[in-house]
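You will see subunit A twice below: alongside subunit B first, and alongside subunit C after that.
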Partner chain A sequence: MTEAPAAAALATAPPARPPGMWRQGWQRFRRNRTGMLGLTLVCIVVLVALSCAWIAPYEPNDQSAMMRFGSREGPTWAHLFGTDRMGYDVLTRVLYGAPTALAVGIGAMLVASVIGILIGGISGYLGGMADELLMRFTEFFLVIPVFIVILAVVRLFGIVVVGSPLESIPYLNLMTIILLLGLFGWPSIARMTRAEFLRLKEMEFVEAARCIGATRRDIILRHILPNALPSLVVIVALGIGGAILAEAMISFLGFGDPKAISWGQLLFFNYEALKVAPWASIAPGSAIFMTVLGFNLLADGLSDAFNPRLKQ
Partner chain B sequence: MTEPGAARPLLDVRDLRVHFFTGAGIVRAVDGVDFAVQPQETLGLVGESGSGKTVTSLTLLRLSPRPARVVGGRIDFEGEDILTKSEKAMTGVRGKRMAMVFQNPAYSLNPIYSIGDQLGEIVRWHEKVGRREGDARVTELLRLVGITDPGARLRQFPHELSGGMKQRVCIARALLCNPALVLADEPTTNLDVTIQAQILDLLLELKDRFRTSMVLVTHDMGVVARMADRITVMYAGRICETADARTIFRSPQHPYTRALLESMPRVDHSYARDDARRLPVIAGRPPNLIEPPTGCRFHPRCPEAGEECRRIMPEPKAIGPGHTVSCLKRGSSGVAA
Partner chain C sequence: MGITRYIVRRLMFSVALVLGVSVIIFTLINAIGNPVEILLADRPGITQEAIDAISRYYNLDQPPLIRYFVWLWNVVRGDFGTSIVYNQPVGDMLFTWGLETMKIQIPAILISLVAAIFIAVTAATRQYSRVDFGVMSGALLGQSLPGFFVGIILILVFSYWLGIFPSYGAYSTRRMLMGSGLIDGLWHMVLPVAMLAFFNTATLTLLMRSNMVDVLRHDFIMAARASGLPERRVVYRHAVRNAFIPVLTYLGILFGLMLGTAPVTETVFTWPGLGFLYIQAIQQLDYPVIMGETMIITVMLVTATLLTDIAYVLIDPRIRLE
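On to the complex of A and B.
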């Protein structure tokens, strides 16, 4: 994320180096405890996602525990979080759920950001009729019952691809979910982008840039968009958490990708054994909770850091 | 200043009309404006809020704000018509041949780029030079506008500078490419009075050093008195009177110019609340430009207005060397409108 280069610059820069917007934001962010807690949680998830292949004690699809001890075994030294009803090591499965969760969150928000910034930017910059049309279009997307549509599309698409060459694409189902979450997640980004563009395009420095001979491209990419980024970073961080939660719900209902290991799916597989093997549900549930909480706290912290005046 | 009429003017605006097409009707913000700026001359464009000064100056760069459209007239700048140039050609004029200094320095610098970045970019873009040459030019200009330690300021961000400093940076930005004309739109309105004087002196000094012309847009008669060679007084989108600065202050002809000068508080005068010693004000309100008054725009507030002022729109008439006035009572002819 954006904090990393800012932090590096901070460590090496002489103290006289004056702060830019990002560094200033980081300095305020660092003093924000809940924000730092969020950043820590997010960092843990990212580290786990990157290193799960090495730190996980078992293979993710290793069901041999079933033969050795039987399934649904409580936490032991061999299986720190126990095993679930299919003989998987719960810890391993939870660790392997992290990359999936991040892929969903970041992938969906990437799609949503591209669409949202494009539509919001055009809408806010051009104004007038284009603005009206694009905003009505955005509102149309806001009132669609997203969840039901996604469930229906995932199921239908899953049936349609059977037997077609598409079937051989790995994680096709997961990618469909990511794409759909992105396709329905952009309206809030578009609205924020539009609001920021509307505000910024009337600013004197944009007018000044025009007067100095900046082209339209320069105006948008160098003067308006960078100034809109702080607000967008906040809403995207919030959206990542939201997308992870949405994917968990989809998977919990059994519409997830059977080949991908996702926390929601672990809950789906294990909730029936909640009474006999609660650990198998508690671990992925806590993982979802921590990750989403992390992204929300991070977003909150970023919002306070970039808009200090909003904070009471 | 060159002899009037001898050289071809640097900027020649003829019958400029800029209208705003809004839902409520057509706002005639600029409605038939003529003025010219000679090389190395400072023209003061004076008028109250909403008289069309800012719209006029933005239109000179062909940047009139959105619902506005130029509906007539010509703007000749350096022998070429600004209004027919391609948008691409205009980006070569803006900032390079004609530059602008804004009213509010606090908002006219981009907060996320350092001073060096945003000024250097302009030089590199217009002069096609490298980063080192660009930075050298920026440092040079920052030094000229009186910023101490310009090399270190390059890395500072706008919010670290005071208002006066920011305005100096904005002036440096306007002069980076050695433009022929600087448009200064109320350059000192948002500054402390002490800083105002410094900035005005700076503008005068740099104008001489760079041999640029300047259009100084302001509502402040004190500022133009100090700065301008010639003064054009605008009211409700039209020009009332143009003359050299001395003439405007010594023998104003148009009733609006007179009223404007009389409503300036004077140091050597004591005012009180009673009618005799009250600061004179111009009665009435600025006109609604969607339905401007018929005839002379100023007639509803004019102490001298006669019956014909209601019907006939006065045309500019030369009443002395370089002195034109648009008033039926001063001998202007006019057209019924």
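On to the complex of A and C.
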């Protein structure tokens, strides 16, 4: 998701022009080994998410292993990661967890980015009283125990919707979690946007744009925002990993979507059988670890690539 | 601006914040309707009169706004109401279960502080060496390892395979381990504390190392070295003190994070603390406990942030109050 603008800029940039911000960033990023490792991990997750229907050895709801192997069967050639207590193939379920994880990470960060950039942008560009008010509001969201509040909201909202037309929305519970993670995940984006806007609006090129009579909309959308994006991309990459982890924890506690296959959900179902079937817990746990690590390393590499002066 | 005015302003903001959170949770609880009706919906033979009587007992027949202020007034007087499920005063429950939570969180943060300082100093004084690289990669990996997965692995290895530590609870119910209550309690604490300390150490080490690398470049370190002080003294006396200041402010954030994810930690180890109580309360719609807990956790979190901020201002004279 966050790679898309970078890729587009690479494809369309004519060779005669001096390398732009994104291309320079990519050239530095390519030499960063941890960053590339992160990118590789993220690419693997994305590929699995796109192709899980073809590469998974079984159907996700196939419990026929109960007939031949039985539940909680250790890893064999037929079931590489074993089967869990319901006779599901663990490998298949883990593969099918990838699209859910990405949907949560990207969905939550889309919501968070829209709110965060809007609030941070207004705050940083206008300054004064608006800035003061919005930053107090942001601080409020930064300090509240987000995870605790989200747990309560997910549970209580699940009761409120019973019998209402909202109930017909597919994966309603998962949608709620994504929306909540977005609604509570924007403060760091808002802070970064504000800081970047404060820095950039005093720069000479913005001054120049103002002098030639560019409209305020043009200044914000074409001059300030594009230059703020590299810093935001780093925060968003970190946020995607954070959102995936948060969803895993919510599902692990039993408040996830029972219809969606997610790694946290798998841990919730299989954790009580940890002693007899450890593979059913280790596989989804490792999947969460790999994905979160991928996004963290990616963010780390991006931050080094876009802010080379900060690197130590 | 004086320090007193700064503290007063922060205190006012904190109070507003705590009230805000309680309003959010209260509104949500009221949105689901009468909890008594929901809890008794599937029970046959419950008459409307009985539901009304129970609702009256919990003041549920009053309009929400009045109930909120009654609740707030009672909280100010130290009365958090009575748990619907346990039929015990919520204040006492929060205290006993809260102590259990603190029992694993405070040792975890102290251990990780000491470990992080030691590891970070070792790495930073050998910048770009193999040790440094190893510490950095280990900390980066450790930071991405989900805490509850670490807990699951710890249980698998140390409880199930090696059989050294117990996998759940804070005490043994039948026979105490090694015949002593104290050792029994400590033995149960090992795995949860290890899990929390693992994550904290990784985060604090990364922060401390980058601060150390930064501080060691300063002129006053060179001056200390030039004056002939032994290297140990330069590093531990002069550099660590300065590198520690940002770590101190981060402690508040880390403590908040630990408290916020206590439900996960305590579910993994079936630990009888605030997080475990919270999960039970929201599953059973024990709304006085939900209200009391969110309140207490927010207050603890805000206090931790406040204390670290004040400590930061007091320790570092370069910080200007705004």
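What we mean here is this: the second predicted complex is superposed on the first by the 295 of 312 C-alpha atoms of A that agree within 3 Å, B and C clash if a C-alpha of one lies under 4 Å from a C-alpha of the other, contacts with A are read in each partner's own complex, and residues count from 1 in each chain.
As a convention for this text, a residue touches a chain if its C-beta (ideal position, glycine included) is under 8 Å from a C-beta of that chain, and two chains touch if they have at least 3 such contacts.
Computed from a predicted structure; not experimentally measured.
Asker: Under the stated touch criterion, which partner chain does A:190 make contact with: subunit B (first), subunit C (second), both, or neither?
Answerer: Neither partner.
Asker: Can A:277 be said to touch subunit B (first), subunit C (second), both, or neither?
Answerer: Once the two structures are laid over each other on A, A:277 reaches no partner at all.
Asker: Under the stated touch criterion, which partner chain does A:225 make contact with: subunit B (first), subunit C (second), both, or neither?
Answerer: In the superposition, A:225 touches no partner, neither subunit B nor subunit C.
Asker: Per the overlay, which chain contacts more subunit A residues, subunit B or subunit C?
Answerer: C
Asker: With both complexes superposed on chain A, which partner does A:300 reach: first (subunit B), second (subunit C), both or neither?
Answerer: second
Asker: Output check: A:215 vs subunit B and subunit C. Expected answer is one of first, second, both, neither. What do you get?
Answerer: The answer is first: A:215 touches subunit B but not subunit C.
Asker: Based on the superposed arrangement, let me know which partner A:204 touches: subunit B (first), subunit C (second), both, or neither?
Answerer: first
Asker: Does subunit B (first) or subunit C (second) touch A:98, or do both, or does neither?
Answerer: neither
Asker: Contact residues on subunit C for subunit A in the complex?
Answerer: Those residues of subunit C that touch subunit A are 13, 16-17, 20-21, 24-25, 28-29, 31-32, 38, 140-141, 143-146, 148-149, 152-153, 155-156, 160, 210, 213-214, 256, 259-261, 263-264, 267-268, 278-279, 282-283, 285, 290, 293-294, 297-298, 301-302, 305.
Asker: Which of the residues in subunit A end up touching subunit B in this complex?
Answerer: Going through subunit A, the ones touching subunit B are 17-21, 127-128, 203-205, 207-215, 223, 226-227.
Asker: Note which residues of subunit B are touching subunit A in the complex, please.
Answerer: Listed in rising order, the residues of subunit B that touch subunit A are 61, 63, 66, 90-96, 99-100, 102-104, 107-112, 114, 122, 125-126, 155-157, 160, 170, 173.
Asker: Help me check something: in the complex, which residues belonging to subunit A touch subunit C?
Answerer: Counting only subunit A, the residues touching subunit C are 34, 136, 139-140, 143-149, 151-153, 155-157, 159-160, 241, 245, 248-249, 252-254, 267, 271, 274-275, 278, 281-282, 285-286, 288-289, 292-293, 296-297, 300, 312.
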